[in-house]
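Read from first to last, the chains carry the letters A, B, C, D, E and F; within each, the first residue is number 1.
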């Protein structure tokens, strides 16, 4: 999805021409994300799940919660792992096989956005210190691709975690054992929201769609928390940003993020 | 067949199964043609608690070239389960089980697809199990047929699929997860109803020759039920929901 | 071994022509398997072994028996694992490297035929419940290929298991420890027999040789147990079977299987 | 950000950090252009206790061919840590972290390298971390720019890199390993000082919008310090040590 | 050399080894040319309790093409142990040990094979250890030579192989498994008897310079014994069993 | 680095011509190794390290020492593992990815030279028998290639081990726990020295450089210990040696090795 063709060049000219008039190919303003639909509990057998549509990009996240051994030197904390995979039908160019650098970066950026916000209170996910902790695994699968997987995956994972129920385990004979009726919500402290912006020519656009993604010079993904603070950031693409652009993107991420956060809050309430 | 749960009554005195079905009654089945935006054809199936998405690309060029065939098109099938689709989180790497099921489904679809019309090209069928509940390969095969038709790939017939099996010494239709774990036999069947050909057939578990025959008959009966739902899914998409 | 060439097409016509006269290329009747030779104890250092020739197809199976950890939720059962590998000199087309789908299917079908018959009484292979059990590993290697590896591997594995001796272990200091002089036969309850049939045109032939294998439209492998019941089945190939053919194949598998079972019984007796 | 060590004083009452630096002072930096005998260009950097070697080959032919681009050259970057470079011996196979950093550094260098001058070819940048001490990606990126220049690859500007961050509620320059583990935020920045473009930017940790702005400013300040040392390294090699 | 078993007497007062052999006596050796039906050439060897099958294909086309050499043919050797060939079941994936032995055997055979007669092609030698008992590489190399000759590949000489070693402070011929585990040195030798060239030589364990010389001499003596059996195997196949 | 080109053929003729006059391309005598520079403690954060230049070949070895589980049946011995990797900038022909047979052989030969000399007294590296032992990992990375990696890696690993300090661990609550101030030298018994010789035509040259390596018919690497005994040997390359050559190489390895050993001893003393 990163190769450049003659058609891409034509599209890019057209996109740039419109931007000079303050317009985008799909009629949005520059700081307007696409329509976001969050369906929770799409996979009832998972501990939590969400199906997210961001324009024509679609992602499903399933959360599995199960006992695990803690990481070394982290015996007083639960485990959080977030993955991402492009299903082969999500775009004709997707290949099966081990993930490439693009997908590895995607997964790691989504993971860090959630991790660095301290969204999940991992200190509450200890079954027995140094021996057994609770692992929260948020696996994203991309069903349809139309640009900006970073935000779509982040929203799906966040919604799935916000609505997930964790079973309770206690140690019995050195084995973590399920406690009947001990279900509760995953302990969370904040709602991180990722906002990805593309730079096309000298314009910054929020939530680039597939055509914009193929045309942009650089991108930046900024995650903010419920306090409006910035907690994670990743620049990508083979172009650069000016200082002013980087500051402007920070402001955009707070502004756009607060609107998306409202939708995630509503999803959480539907999951009560 | 796994260990048996002593307390589970697979079939009660009235011939009702653990999930309330009669012996020859399939689970709730919902098939939808289309749905994916980037695939050339697609389908979604809910079969009991199974939830499976299938996307099809093709006919398209083959890379690497040496895998193509100058005489005919080739069919490639990938059956894959999401990490969250099963009780214990699944490792994302393809398991030997998934590789075998991919092959079995491929060979079940090949008799139905007119690959000879597209030499040197490939048709790719991607099956993704979002939620698994026993009988995924039959549900996947049934949805794959619809997705192929949705992609406009010429076909000789649809392949409909359903399992039969044995539990509580009785031949039953459409074995669910509990019946598979605690039961005596599971026989997935793929069938082309118009051409009357069995294109997928497997069996795990012990059957007498008489039970074997009954099991195949029961499974084919199930395939015919699925077949009607496959046709309805395609009709609904291409001619609207008027016909029911 | 699955590619189709002009020569294969010519061979197929010739095979079909003969079948129309009720004959096969090597002179067999349609329901007649090739000559089966079972040599037991071919690898004396293994716990059990067999070298099987089915016509010009040749397979060696070695059984290794050693303590292992039980599978989760299966703490009261031993482990049985059956593998298959095509040695690179078994056919010019064999490639080294990780097994492809054909070989994975082969191994899994042979494994299931034995497993589903409940041939090995796994409940007798427990050293300490939930902690340590006995693992029986039956590894098949194909030495020469001339079609129908399913049956050749199944017979080799079955003969190797029937004649294998298992050491005895007891837990000492939490470690499974060998008990001197505790050797005994692997506990078995039945003798499964796999019978593979090919469909060429409208003819069903038992035990297809290499040329028939390359020409056939579809195949079916049916395993029966000592009671004459059917316990495992696998259809393969890119053609289909009618209902009547499937029933006929079931009957053939019982009939042919009972003859092969006599040969496996004799092999077992030679191993006493 | 990892767990905090309660006894470690990150910033004392005089504004002095745990390793004796002021808040806007980088660690000791030593950059050397050249050094490797087989590479087309190379550089060695010591940045605090980081020790990193970079070798460059190219422009050279691309294998396999289909990875080349007829319109432009391609840049390939591998960032790799030696097994002995970190406290706990590292598995030699590339980790997901190393793959991501390779990509981030590649995209930070691309705006600076005139790849369009070498269609169909590749420039390979190999980064080897001999000893790691926090901030390896910035040190690696700074050294990679020098190695590219040493290889004679035409460039629009150097990319200089340095991290800023937050510890003890204060924005600081060039976060060291202790500050990264116990601190509040780490923001690596790659910057082209002449073109005034930020080409690498990441952030882990929580910053208010005001702190965010100050952090970027502080990091750019650090990049400018590194830039002078990059120029000096190249001058020293090509014009002798006379200029200081 | 592994740990020593205190109770094992490697050499008794009469100069008899733990398996009844004299110091300069090899184990029982049986070599058979041919046997495999699909290979172009093959051989089977029993060397003590070692049981090894070798199959040869070629000269044949090389895939992928870029691995071929326009000036000469190439030799490819795979040494592989069956999972059941050793005491503890072996993982089927090739180990680093197997990869090294494959290379050592390849380089031991290359001086003997007239590869220059077959430019652009490959000769493949596949070695499968069915049962291992110490000294597999020598047994494998000896059998591989016979299999190459059986395939009709032109050769300058046979490569015969046998190990010498040291146990109980004595230089001995053909180290068996117990002597390897408990002994002091193991030196596998591959030798072309007519051309008087050593083409395989390895040593694990400590030898004085004098012992080193004696060890090489002893090993070459063993190779000459093996050489006679190799010739006999080929004679037996091609001229019947009349000659003994 | 093993492919043959027209240039290689020309170089080989030139090298042979010189050898016939008793000379080598770089002016050395036939039994003279290149200048050896050993820098110890190049990686201060490792437990031991050395940077070795052998002519224009350069290798860094870092030694990490950490607790590990013992190998089965070796519960009374520590672990020693030696690896080797060619860094991709060490030569234009090096490819990234899993190691090929050349690199695997290199690592195993260097490992065996040290292991078979019993250089490290592994019996002193046991924390608790059968439970926990000390692992010594010597990882070599090749920085610049100009032939004879065998000796350069062996010298780097040997110097790094000779100067390494091992922490001390004791078992506490079944976990190996660091004992403050318990550092000591790795216990060693001898100094193994590897000497690699190439055969070009009928000449034996010690320590072949890159051009000689590409031209030679066969090679032999012989490791001797401090007593002047031979403890490991590996022949390589697609040519053969006569008996007399093999004996002569043995003698050369003792003679050249004793000089190199003096340099390693000096490095050790610098590390005190």
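We take it that contacts are C-beta pairs under 8 Å (C-beta built on N, C-alpha and C of every residue); 3 or more make two chains touch, one makes a residue touch a chain.
Please read these numbers as outputs of a predicted model, since none were measured by experiment.
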Steps needed, at minimum, to go from chain D to chain E via contacts: 2
Chains in simultaneous contact with chain C and chain D: none
Turn needed to bring chain B onto chain E - CA fit, degrees, nearest 5: 120
Pair in E-F, C-E or D-F that repeats A-D, with over half of contact pairs matching by residue number: E-F
Chain located farthest away, centre of chain F as origin (C-alpha): B
Chain pair showing more contacts of the two, A-D and D-F: A-D
Greatest separation from chain C - chain, by CA centre: D
Centre distance in Å when chain A and chain B are each reduced to the mean of their C-alpha atoms: 32
Interchain centroid distance [CA atoms averaged], chain B/chain D, Å: 52
Interchain centroid distance [CA atoms averaged], chain A/chain E, Å: 58
Between chain B and chain C, centroid-to-centroid distance (C-alpha), Å: 27
Chain A: positions in contact with at least two other chains: none
Contacts with 2+ other chains: residues of chain E: none
Touch-based graph of the chains, sorted into line, ring, star, complete or other: ring
Ring order of chains, beginning at chain A and proceeding to chain B: A, B, C, E, F, D
Chain F residues within the chain D interface of the complex: 42-46, 49, 56, 58, 60, 62-64, 66, 83, 85, 87-92, 96, 137, 139, 141, 143-146
Interfacial residue positions of chain C with respect to chain B in the complex: 4, 73-74, 101-102, 104-105, 107-108, 112, 116-118, 218, 220, 222, 225, 228-243, 246-247, 250-251, 254
Residues of chain D that touch chain F when the two form their complex: 36-39, 42, 49, 51, 53-57, 60, 78, 80, 82-85, 87-89, 92, 124, 126, 128, 130-131, 133
Residue ranges of chain B touching chain C (in the complex, touch as defined): 1, 3, 71, 96-97, 99-100, 102-104, 107, 110-111, 187, 192, 195-209, 212-213, 216-217, 220
